[in-house]
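This is the structure, below, for whatever I ask next.
Letters A, B, C and D mark the chains in the order given here, with residues in each chain numbered from 1 onward.
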Amino acid sequence: MIRLTRDVIDGHALTEEVRRRHCGAVVLFLGTVRDLTGERVTVALDYDAYPAMAEKKMAEIEAETRQRWPVGELILEHRLGHLEVGDVSVAVAISCPHRAQAFDACRHAIDRLKELVPIWKKENWADGSTEWVHPGA
Amino acid sequence: MIRLTRDVIDGHALTEEVRRRHCGAVVLFLGTVRDLTGERVTVALDYDAYPAMAEKKMAEIEAETRQRWPVGELILEHRLGHLEVGDVSVAVAISCPHRAQAFDACRHAIDRLKELVPIWKKENWADGSTEWVHPGA
Amino acid sequence: MKVLLFARARDLVGADWIDIESAATVGEVRARLKERYRHLSGLVEKSALAVNNEFADDLTPIPAGAEVALLPPVSGG
Amino acid sequence: MKVLLFARARDLVGADWIDIESAATVGEVRARLKERYRHLSGLVEKSALAVNNEFADDLTPIPAGAEVALLPPVSGG
(Lines give C-alpha, C1' and ligand atoms only; values in the text may rest on other atoms or scores of the structure.)
Protein backbone atom coordinates (compact mmCIF):
# COMPACT_ATOMS: atom_id res chain seq x y z
CA MET A 1 0.00 0.00 0.00
CA ILE A 2 1.25 3.52 -0.74
CA ARG A 3 0.05 6.89 0.46
CA LEU A 4 0.81 10.56 0.03
CA THR A 5 -0.63 12.55 2.90
CA ARG A 6 -0.70 16.03 4.39
CA ASP A 7 -1.48 14.59 7.83
CA VAL A 8 0.82 13.43 10.60
CA ILE A 9 2.28 9.97 9.84
CA ASP A 10 1.34 7.42 12.49
CA GLY A 11 4.20 4.93 12.55
CA HIS A 12 2.47 2.86 15.20
CA ALA A 13 -0.64 2.37 13.05
CA LEU A 14 1.55 1.37 10.09
CA THR A 15 3.42 -1.16 12.19
CA GLU A 16 0.21 -2.74 13.41
CA GLU A 17 -1.19 -2.76 9.88
CA VAL A 18 1.69 -4.83 8.46
CA ARG A 19 1.89 -7.52 11.16
CA ARG A 20 1.04 -11.00 9.89
CA ARG A 21 0.91 -14.40 11.64
CA HIS A 22 3.32 -16.00 9.19
CA CYS A 23 5.83 -13.13 9.45
CA GLY A 24 8.38 -13.26 12.25
CA ALA A 25 9.93 -9.89 11.42
CA VAL A 26 8.57 -6.37 11.21
CA VAL A 27 10.79 -3.42 10.28
CA LEU A 28 9.65 0.18 10.49
CA PHE A 29 11.72 3.00 9.03
CA LEU A 30 10.88 6.60 9.90
CA GLY A 31 12.54 9.54 8.20
CA THR A 32 12.34 12.59 10.46
CA VAL A 33 13.23 16.25 9.94
CA ARG A 34 16.78 16.79 11.25
CA ASP A 35 17.79 20.05 12.89
CA LEU A 36 21.25 20.12 11.26
CA THR A 37 22.50 19.60 7.70
CA GLY A 38 26.25 19.84 7.94
CA GLU A 39 26.61 23.04 9.97
CA ARG A 40 23.39 24.68 8.83
CA VAL A 41 20.39 24.83 11.13
CA THR A 42 17.00 23.80 9.74
CA VAL A 43 13.84 25.08 11.38
CA ALA A 44 11.34 23.52 8.97
CA LEU A 45 10.98 21.79 5.62
CA ASP A 46 8.34 22.13 2.93
CA TYR A 47 7.68 19.06 0.79
CA ASP A 48 6.24 19.37 -2.69
CA ALA A 49 5.39 16.54 -5.09
CA TYR A 50 4.23 15.73 -8.58
CA PRO A 51 1.43 13.70 -7.03
CA ALA A 52 0.24 11.47 -9.89
CA MET A 53 3.77 10.42 -10.81
CA ALA A 54 4.87 10.12 -7.19
CA GLU A 55 2.03 7.69 -6.50
CA LYS A 56 2.82 5.74 -9.65
CA LYS A 57 6.50 5.43 -8.73
CA MET A 58 5.69 4.46 -5.14
CA ALA A 59 3.35 1.74 -6.43
CA GLU A 60 6.12 0.48 -8.72
CA ILE A 61 8.54 0.37 -5.79
CA GLU A 62 5.99 -1.59 -3.78
CA ALA A 63 5.51 -4.07 -6.66
CA GLU A 64 9.25 -4.44 -7.21
CA THR A 65 9.85 -5.02 -3.49
CA ARG A 66 7.13 -7.66 -3.32
CA GLN A 67 8.64 -9.37 -6.33
CA ARG A 68 12.09 -9.62 -4.75
CA TRP A 69 11.14 -10.50 -1.17
CA PRO A 70 8.35 -12.58 0.44
CA VAL A 71 6.54 -9.55 1.81
CA GLY A 72 3.62 -10.13 4.17
CA GLU A 73 2.55 -6.51 3.97
CA LEU A 74 4.28 -3.27 2.99
CA ILE A 75 3.26 0.35 3.45
CA LEU A 76 5.10 3.31 1.95
CA GLU A 77 3.84 6.67 3.17
CA HIS A 78 5.20 10.16 2.45
CA ARG A 79 4.00 13.38 3.97
CA LEU A 80 3.74 16.65 2.01
CA GLY A 81 3.45 20.26 3.12
CA HIS A 82 5.12 22.09 6.00
CA LEU A 83 7.05 19.99 8.53
CA GLU A 84 8.86 21.07 11.69
CA VAL A 85 12.06 19.58 13.11
CA GLY A 86 11.30 16.12 14.54
CA ASP A 87 8.26 15.52 12.34
CA VAL A 88 8.10 12.27 10.38
CA SER A 89 8.35 12.93 6.63
CA VAL A 90 8.37 9.35 5.37
CA ALA A 91 7.65 5.89 6.72
CA VAL A 92 8.17 2.38 5.42
CA ALA A 93 6.61 -0.50 7.38
CA ILE A 94 7.10 -4.07 6.27
CA SER A 95 6.66 -7.64 7.47
CA CYS A 96 8.43 -10.74 6.16
CA PRO A 97 8.83 -14.29 7.46
CA HIS A 98 12.48 -13.68 8.41
CA ARG A 99 14.46 -10.67 9.56
CA ALA A 100 17.11 -10.46 6.83
CA GLN A 101 14.30 -10.23 4.27
CA ALA A 102 12.48 -7.53 6.22
CA PHE A 103 15.63 -5.41 6.65
CA ASP A 104 16.71 -5.77 3.01
CA ALA A 105 13.23 -5.11 1.62
CA CYS A 106 12.63 -2.07 3.85
CA ARG A 107 15.95 -0.58 2.94
CA HIS A 108 15.42 -1.23 -0.74
CA ALA A 109 12.04 0.51 -0.65
CA ILE A 110 13.33 3.67 1.07
CA ASP A 111 16.48 3.79 -1.09
CA ARG A 112 14.39 3.57 -4.26
CA LEU A 113 11.91 6.13 -2.98
CA LYS A 114 14.73 8.63 -2.43
CA GLU A 115 16.09 7.93 -5.89
CA LEU A 116 12.94 7.79 -8.02
CA VAL A 117 9.91 9.48 -6.50
CA PRO A 118 9.25 13.07 -7.67
CA ILE A 119 9.10 14.75 -4.29
CA TRP A 120 11.21 17.75 -3.33
CA LYS A 121 12.03 19.42 -0.08
CA LYS A 122 12.67 23.08 0.59
CA GLU A 123 14.92 23.94 3.50
CA ASN A 124 13.82 26.74 5.82
CA TRP A 125 17.15 27.76 7.35
CA ALA A 126 17.44 29.42 10.74
CA ASP A 127 18.63 32.68 9.06
CA GLY A 128 15.24 33.01 7.37
CA SER A 129 16.35 32.00 3.89
CA THR A 130 14.85 29.08 1.99
CA GLU A 131 16.34 26.71 -0.56
CA TRP A 132 15.00 23.85 -2.69
CA VAL A 133 17.18 20.77 -2.33
CA HIS A 134 18.26 19.37 -5.71
CA PRO A 135 21.20 17.00 -5.19
CA GLY A 136 23.85 17.57 -7.84
CA ALA A 137 22.18 20.66 -9.31
CA MET B 1 19.09 1.00 27.20
CA ILE B 2 18.37 -2.70 27.57
CA ARG B 3 15.47 -4.50 29.20
CA LEU B 4 14.25 -8.00 29.94
CA THR B 5 10.54 -7.99 30.61
CA ARG B 6 7.60 -10.32 31.18
CA ASP B 7 5.18 -7.65 29.95
CA VAL B 8 3.93 -6.87 26.46
CA ILE B 9 6.56 -4.98 24.43
CA ASP B 10 5.30 -1.59 23.29
CA GLY B 11 7.09 -0.89 20.01
CA HIS B 12 5.45 2.49 19.69
CA ALA B 13 6.76 3.66 23.06
CA LEU B 14 10.26 2.48 22.13
CA THR B 15 10.12 4.33 18.82
CA GLU B 16 9.08 7.56 20.53
CA GLU B 17 11.76 7.07 23.19
CA VAL B 18 14.62 6.93 20.66
CA ARG B 19 13.65 9.91 18.47
CA ARG B 20 16.17 12.76 18.57
CA ARG B 21 16.27 16.15 16.83
CA HIS B 22 19.67 15.52 15.27
CA CYS B 23 18.68 12.08 14.00
CA GLY B 24 16.92 11.90 10.62
CA ALA B 25 16.42 8.14 10.76
CA VAL B 26 14.62 5.82 13.16
CA VAL B 27 14.52 2.06 12.63
CA LEU B 28 12.37 -0.28 14.69
CA PHE B 29 12.74 -4.04 14.46
CA LEU B 30 10.10 -6.29 15.98
CA GLY B 31 10.52 -10.04 16.22
CA THR B 32 7.12 -11.70 16.46
CA VAL B 33 6.03 -15.27 17.10
CA ARG B 34 5.46 -16.97 13.72
CA ASP B 35 2.74 -19.59 13.24
CA LEU B 36 4.88 -21.82 11.01
CA THR B 37 8.44 -23.17 11.23
CA GLY B 38 8.99 -25.05 8.01
CA GLU B 39 5.82 -27.14 7.90
CA ARG B 40 5.26 -27.35 11.65
CA VAL B 41 2.56 -25.30 13.32
CA THR B 42 3.44 -23.31 16.43
CA VAL B 43 0.72 -22.34 18.87
CA ALA B 44 2.93 -20.64 21.46
CA LEU B 45 6.52 -20.16 22.62
CA ASP B 46 8.02 -20.07 26.09
CA TYR B 47 11.14 -17.97 26.52
CA ASP B 48 13.62 -18.68 29.28
CA ALA B 49 16.81 -16.76 30.09
CA TYR B 50 19.88 -16.71 32.24
CA PRO B 51 18.90 -13.19 33.31
CA ALA B 52 22.10 -11.78 34.79
CA MET B 53 24.21 -12.87 31.85
CA ALA B 54 21.52 -11.96 29.30
CA GLU B 55 21.45 -8.41 30.64
CA LYS B 56 25.23 -8.22 30.64
CA LYS B 57 25.43 -9.41 27.03
CA MET B 58 22.67 -7.05 25.92
CA ALA B 59 24.50 -4.14 27.56
CA GLU B 60 27.70 -5.18 25.74
CA ILE B 61 25.81 -5.27 22.43
CA GLU B 62 24.46 -1.80 23.12
CA ALA B 63 27.96 -0.50 23.90
CA GLU B 64 29.47 -2.14 20.84
CA THR B 65 26.74 -0.73 18.60
CA ARG B 66 27.23 2.77 19.99
CA GLN B 67 30.94 2.46 19.38
CA ARG B 68 30.52 1.57 15.72
CA TRP B 69 27.68 3.92 14.74
CA PRO B 70 26.66 7.46 15.77
CA VAL B 71 23.64 6.30 17.73
CA GLY B 72 21.22 8.93 19.05
CA GLU B 73 19.42 6.41 21.24
CA LEU B 74 19.14 2.64 21.23
CA ILE B 75 16.78 0.31 23.09
CA LEU B 76 17.06 -3.47 23.11
CA GLU B 77 14.15 -5.22 24.77
CA HIS B 78 13.42 -8.95 25.06
CA ARG B 79 10.31 -10.52 26.49
CA LEU B 80 10.35 -13.71 28.58
CA GLY B 81 7.61 -16.16 29.55
CA HIS B 82 4.69 -17.51 27.56
CA LEU B 83 3.99 -15.87 24.16
CA GLU B 84 1.22 -16.59 21.69
CA VAL B 85 1.46 -16.39 17.88
CA GLY B 86 1.73 -12.75 16.79
CA ASP B 87 3.17 -11.52 20.11
CA VAL B 88 6.35 -9.45 19.99
CA SER B 89 9.27 -11.34 21.55
CA VAL B 90 12.05 -8.84 20.88
CA ALA B 91 12.39 -5.22 19.81
CA VAL B 92 15.29 -3.03 18.76
CA ALA B 93 14.62 0.68 18.33
CA ILE B 94 17.37 3.03 17.20
CA SER B 95 17.95 6.53 15.90
CA CYS B 96 20.94 7.80 13.93
CA PRO B 97 21.62 10.94 11.89
CA HIS B 98 21.35 9.01 8.58
CA ARG B 99 19.40 5.98 7.42
CA ALA B 100 22.24 3.67 6.37
CA GLN B 101 23.64 3.98 9.89
CA ALA B 102 20.29 3.27 11.52
CA PHE B 103 19.65 0.18 9.36
CA ASP B 104 23.15 -1.22 9.83
CA ALA B 105 23.22 -0.57 13.57
CA CYS B 106 19.75 -2.03 14.16
CA ARG B 107 20.59 -5.14 12.20
CA HIS B 108 23.89 -5.55 13.97
CA ALA B 109 22.19 -5.33 17.37
CA ILE B 110 19.53 -7.96 16.60
CA ASP B 111 22.04 -10.27 14.86
CA ARG B 112 24.33 -10.14 17.87
CA LEU B 113 21.45 -10.64 20.28
CA LYS B 114 20.46 -13.83 18.47
CA GLU B 115 24.05 -15.03 18.52
CA LEU B 116 25.19 -14.14 22.03
CA VAL B 117 22.41 -13.59 24.52
CA PRO B 118 21.55 -16.58 26.74
CA ILE B 119 17.83 -16.78 26.02
CA TRP B 120 16.08 -19.91 24.81
CA LYS B 121 12.71 -20.62 23.30
CA LYS B 122 10.56 -23.68 23.68
CA GLU B 123 8.19 -24.48 20.83
CA ASN B 124 4.64 -25.49 21.74
CA TRP B 125 3.62 -27.38 18.61
CA ALA B 126 0.03 -27.78 17.47
CA ASP B 127 0.18 -31.53 18.21
CA GLY B 128 0.65 -30.76 21.90
CA SER B 129 4.36 -31.62 22.07
CA THR B 130 7.02 -29.14 23.20
CA GLU B 131 10.66 -28.77 22.20
CA TRP B 132 13.50 -26.50 23.28
CA VAL B 133 15.17 -24.89 20.28
CA HIS B 134 18.95 -25.39 20.31
CA PRO B 135 20.31 -24.66 16.83
CA GLY B 136 22.90 -27.24 15.84
CA ALA B 137 22.29 -29.46 18.89
CA MET C 1 2.40 22.44 -25.40
CA LYS C 2 2.40 22.58 -21.63
CA VAL C 3 5.36 21.63 -19.42
CA LEU C 4 4.72 21.18 -15.69
CA LEU C 5 7.24 22.75 -13.32
CA PHE C 6 8.20 21.85 -9.76
CA ALA C 7 10.35 23.05 -6.87
CA ARG C 8 13.18 25.44 -7.87
CA ALA C 9 12.10 25.43 -11.53
CA ARG C 10 8.66 26.63 -10.53
CA ASP C 11 10.14 29.34 -8.31
CA LEU C 12 12.53 30.51 -11.07
CA VAL C 13 9.72 30.84 -13.59
CA GLY C 14 7.06 31.93 -11.13
CA ALA C 15 4.44 29.56 -12.54
CA ASP C 16 3.26 25.95 -12.16
CA TRP C 17 3.67 25.33 -15.88
CA ILE C 18 4.86 26.97 -19.08
CA ASP C 19 3.67 26.83 -22.65
CA ILE C 20 6.22 26.06 -25.35
CA GLU C 21 6.01 25.39 -29.08
CA SER C 22 5.11 21.75 -29.74
CA ALA C 23 8.08 19.41 -29.73
CA ALA C 24 8.42 15.94 -31.23
CA THR C 25 10.86 14.54 -28.68
CA VAL C 26 11.96 15.07 -25.11
CA GLY C 27 15.27 16.40 -26.42
CA GLU C 28 13.43 19.13 -28.30
CA VAL C 29 11.49 20.07 -25.17
CA ARG C 30 14.73 20.34 -23.27
CA ALA C 31 16.29 22.49 -26.02
CA ARG C 32 13.28 24.86 -26.11
CA LEU C 33 13.20 25.26 -22.35
CA LYS C 34 16.89 26.19 -22.31
CA GLU C 35 16.50 28.59 -25.22
CA ARG C 36 13.45 30.36 -23.91
CA TYR C 37 14.17 30.45 -20.16
CA ARG C 38 17.84 31.30 -19.93
CA HIS C 39 17.93 31.48 -16.12
CA LEU C 40 16.48 27.94 -16.06
CA SER C 41 19.02 26.39 -18.39
CA GLY C 42 21.48 25.20 -15.72
CA LEU C 43 18.71 23.44 -13.86
CA VAL C 44 17.17 22.00 -17.06
CA GLU C 45 20.57 20.46 -17.78
CA LYS C 46 20.46 18.56 -14.47
CA SER C 47 16.74 17.72 -14.56
CA ALA C 48 14.87 14.68 -15.79
CA LEU C 49 11.84 14.97 -18.03
CA ALA C 50 8.73 12.88 -17.61
CA VAL C 51 6.19 12.00 -20.30
CA ASN C 52 2.88 10.68 -18.97
CA ASN C 53 4.34 10.10 -15.51
CA GLU C 54 7.35 8.15 -16.73
CA PHE C 55 11.01 9.20 -16.88
CA ALA C 56 11.93 9.74 -20.52
CA ASP C 57 15.29 10.13 -22.27
CA ASP C 58 15.94 12.73 -24.96
CA LEU C 59 15.02 10.35 -27.80
CA THR C 60 11.56 9.59 -26.41
CA PRO C 61 8.83 10.83 -28.75
CA ILE C 62 6.02 12.89 -27.30
CA PRO C 63 2.55 11.56 -28.15
CA ALA C 64 -0.24 14.05 -28.82
CA GLY C 65 -1.85 15.29 -25.62
CA ALA C 66 0.94 13.85 -23.43
CA GLU C 67 1.57 15.30 -19.98
CA VAL C 68 5.15 16.57 -19.91
CA ALA C 69 6.96 17.58 -16.74
CA LEU C 70 10.37 18.97 -15.85
CA LEU C 71 11.72 17.17 -12.79
CA PRO C 72 14.70 18.73 -10.99
CA PRO C 73 16.77 16.20 -9.00
CA VAL C 74 14.44 14.75 -6.36
CA SER C 75 14.94 15.12 -2.61
CA GLY C 76 12.05 13.31 -0.98
CA GLY C 77 12.36 11.06 2.05
CA MET D 1 30.52 -26.91 42.93
CA LYS D 2 27.26 -25.78 41.42
CA VAL D 3 26.51 -25.68 37.67
CA LEU D 4 23.41 -23.77 36.54
CA LEU D 5 21.23 -25.45 33.92
CA PHE D 6 18.87 -23.99 31.34
CA ALA D 7 16.36 -25.04 28.71
CA ARG D 8 16.72 -28.64 27.48
CA ALA D 9 19.58 -29.33 29.90
CA ARG D 10 17.36 -28.37 32.82
CA ASP D 11 14.53 -30.56 31.54
CA LEU D 12 16.85 -33.53 30.99
CA VAL D 13 18.19 -33.32 34.55
CA GLY D 14 14.98 -32.14 36.15
CA ALA D 15 16.72 -29.45 38.20
CA ASP D 16 17.84 -25.81 37.89
CA TRP D 17 21.37 -26.72 38.86
CA ILE D 18 23.56 -29.68 39.68
CA ASP D 19 26.38 -30.19 42.10
CA ILE D 20 29.63 -31.65 40.79
CA GLU D 21 33.07 -32.25 42.27
CA SER D 22 35.17 -29.09 42.16
CA ALA D 23 36.93 -28.56 38.85
CA ALA D 24 39.95 -26.40 38.07
CA THR D 25 39.01 -25.55 34.49
CA VAL D 26 35.97 -25.31 32.25
CA GLY D 27 37.21 -28.39 30.39
CA GLU D 28 37.08 -30.37 33.62
CA VAL D 29 33.53 -29.20 34.31
CA ARG D 30 32.53 -30.31 30.84
CA ALA D 31 34.16 -33.71 31.33
CA ARG D 32 32.46 -34.26 34.69
CA LEU D 33 29.06 -33.32 33.37
CA LYS D 34 29.41 -35.80 30.51
CA GLU D 35 30.66 -38.53 32.79
CA ARG D 36 28.03 -38.13 35.44
CA TYR D 37 24.97 -37.27 33.33
CA ARG D 38 25.21 -39.63 30.37
CA HIS D 39 21.91 -38.53 28.79
CA LEU D 40 23.22 -34.97 28.88
CA SER D 41 26.51 -35.68 27.15
CA GLY D 42 25.38 -34.98 23.58
CA LEU D 43 24.00 -31.61 24.60
CA VAL D 44 27.06 -30.77 26.76
CA GLU D 45 29.19 -31.36 23.69
CA LYS D 46 27.26 -28.65 21.78
CA SER D 47 26.88 -26.24 24.71
CA ALA D 48 28.92 -23.29 25.84
CA LEU D 49 29.99 -22.81 29.42
CA ALA D 50 29.94 -19.52 31.22
CA VAL D 51 32.03 -18.47 34.19
CA ASN D 52 30.78 -15.40 36.05
CA ASN D 53 28.46 -14.45 33.19
CA GLU D 54 31.12 -14.70 30.49
CA PHE D 55 31.58 -17.33 27.79
CA ALA D 56 34.63 -19.42 28.67
CA ASP D 57 36.67 -21.90 26.66
CA ASP D 58 37.86 -25.23 28.05
CA LEU D 59 41.19 -23.81 29.22
CA THR D 60 39.61 -21.09 31.35
CA PRO D 61 40.37 -21.60 35.04
CA ILE D 62 37.51 -21.45 37.50
CA PRO D 63 38.06 -19.01 40.39
CA ALA D 64 36.81 -19.93 43.85
CA GLY D 65 33.15 -19.10 44.27
CA ALA D 66 32.61 -18.55 40.55
CA GLU D 67 29.13 -18.89 39.08
CA VAL D 68 29.31 -21.60 36.43
CA ALA D 69 26.53 -22.21 33.89
CA LEU D 70 25.92 -24.68 31.08
CA LEU D 71 24.48 -22.83 28.07
CA PRO D 72 22.91 -24.91 25.32
CA PRO D 73 22.87 -23.15 21.90
CA VAL D 74 20.81 -20.01 22.34
CA SER D 75 17.57 -19.29 20.48
CA GLY D 76 16.38 -15.91 21.68
CA GLY D 77 14.97 -13.26 19.46
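The criterion applied here is as follows: contacts are C-beta pairs under 8 Å (C-beta built on N, C-alpha and C of every residue); 3 or more make two chains touch, one makes a residue touch a chain.
Bear in mind that the values here come from a model prediction, so they are computed numbers and not experimental data.
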When chain B is left out of the picture, which chains can still reach each other by chains of touches? A, C | D
Lowest number of touching-chain links that must be crossed from chain A to chain D: 2
Between the Cα centroids of chain A and chain B the separation in whole angstrom comes to 24
Measuring from the mean C-alpha position of chain C to the mean C-alpha position of chain D, what distance in angstrom results? 71
Whole-Å distance, chain B centre to chain C centre, using C-alpha means? 48
For chain B, write out the residues touching at least two other chains, lowest number first. 31, 99, 110
Counting only residues that touch at least 2 other chains, which ones in chain C make the list? 77
Chains touch in the following pairs A-B, A-C, B-D
Quick one: in the complex, what on chain B touches chain D? 31, 47-50, 52-54, 56, 78, 89-90, 110, 113-122, 132-137
Partner chain B, residues of chain A touching it in the complex: 11-12, 15, 19, 21-36, 85-86, 97, 99, 102-103, 106-107, 110
Within their complex, chain D touches chain B through residues 4, 6-8, 11, 42-43, 46-47, 50, 53-54, 69, 71-77
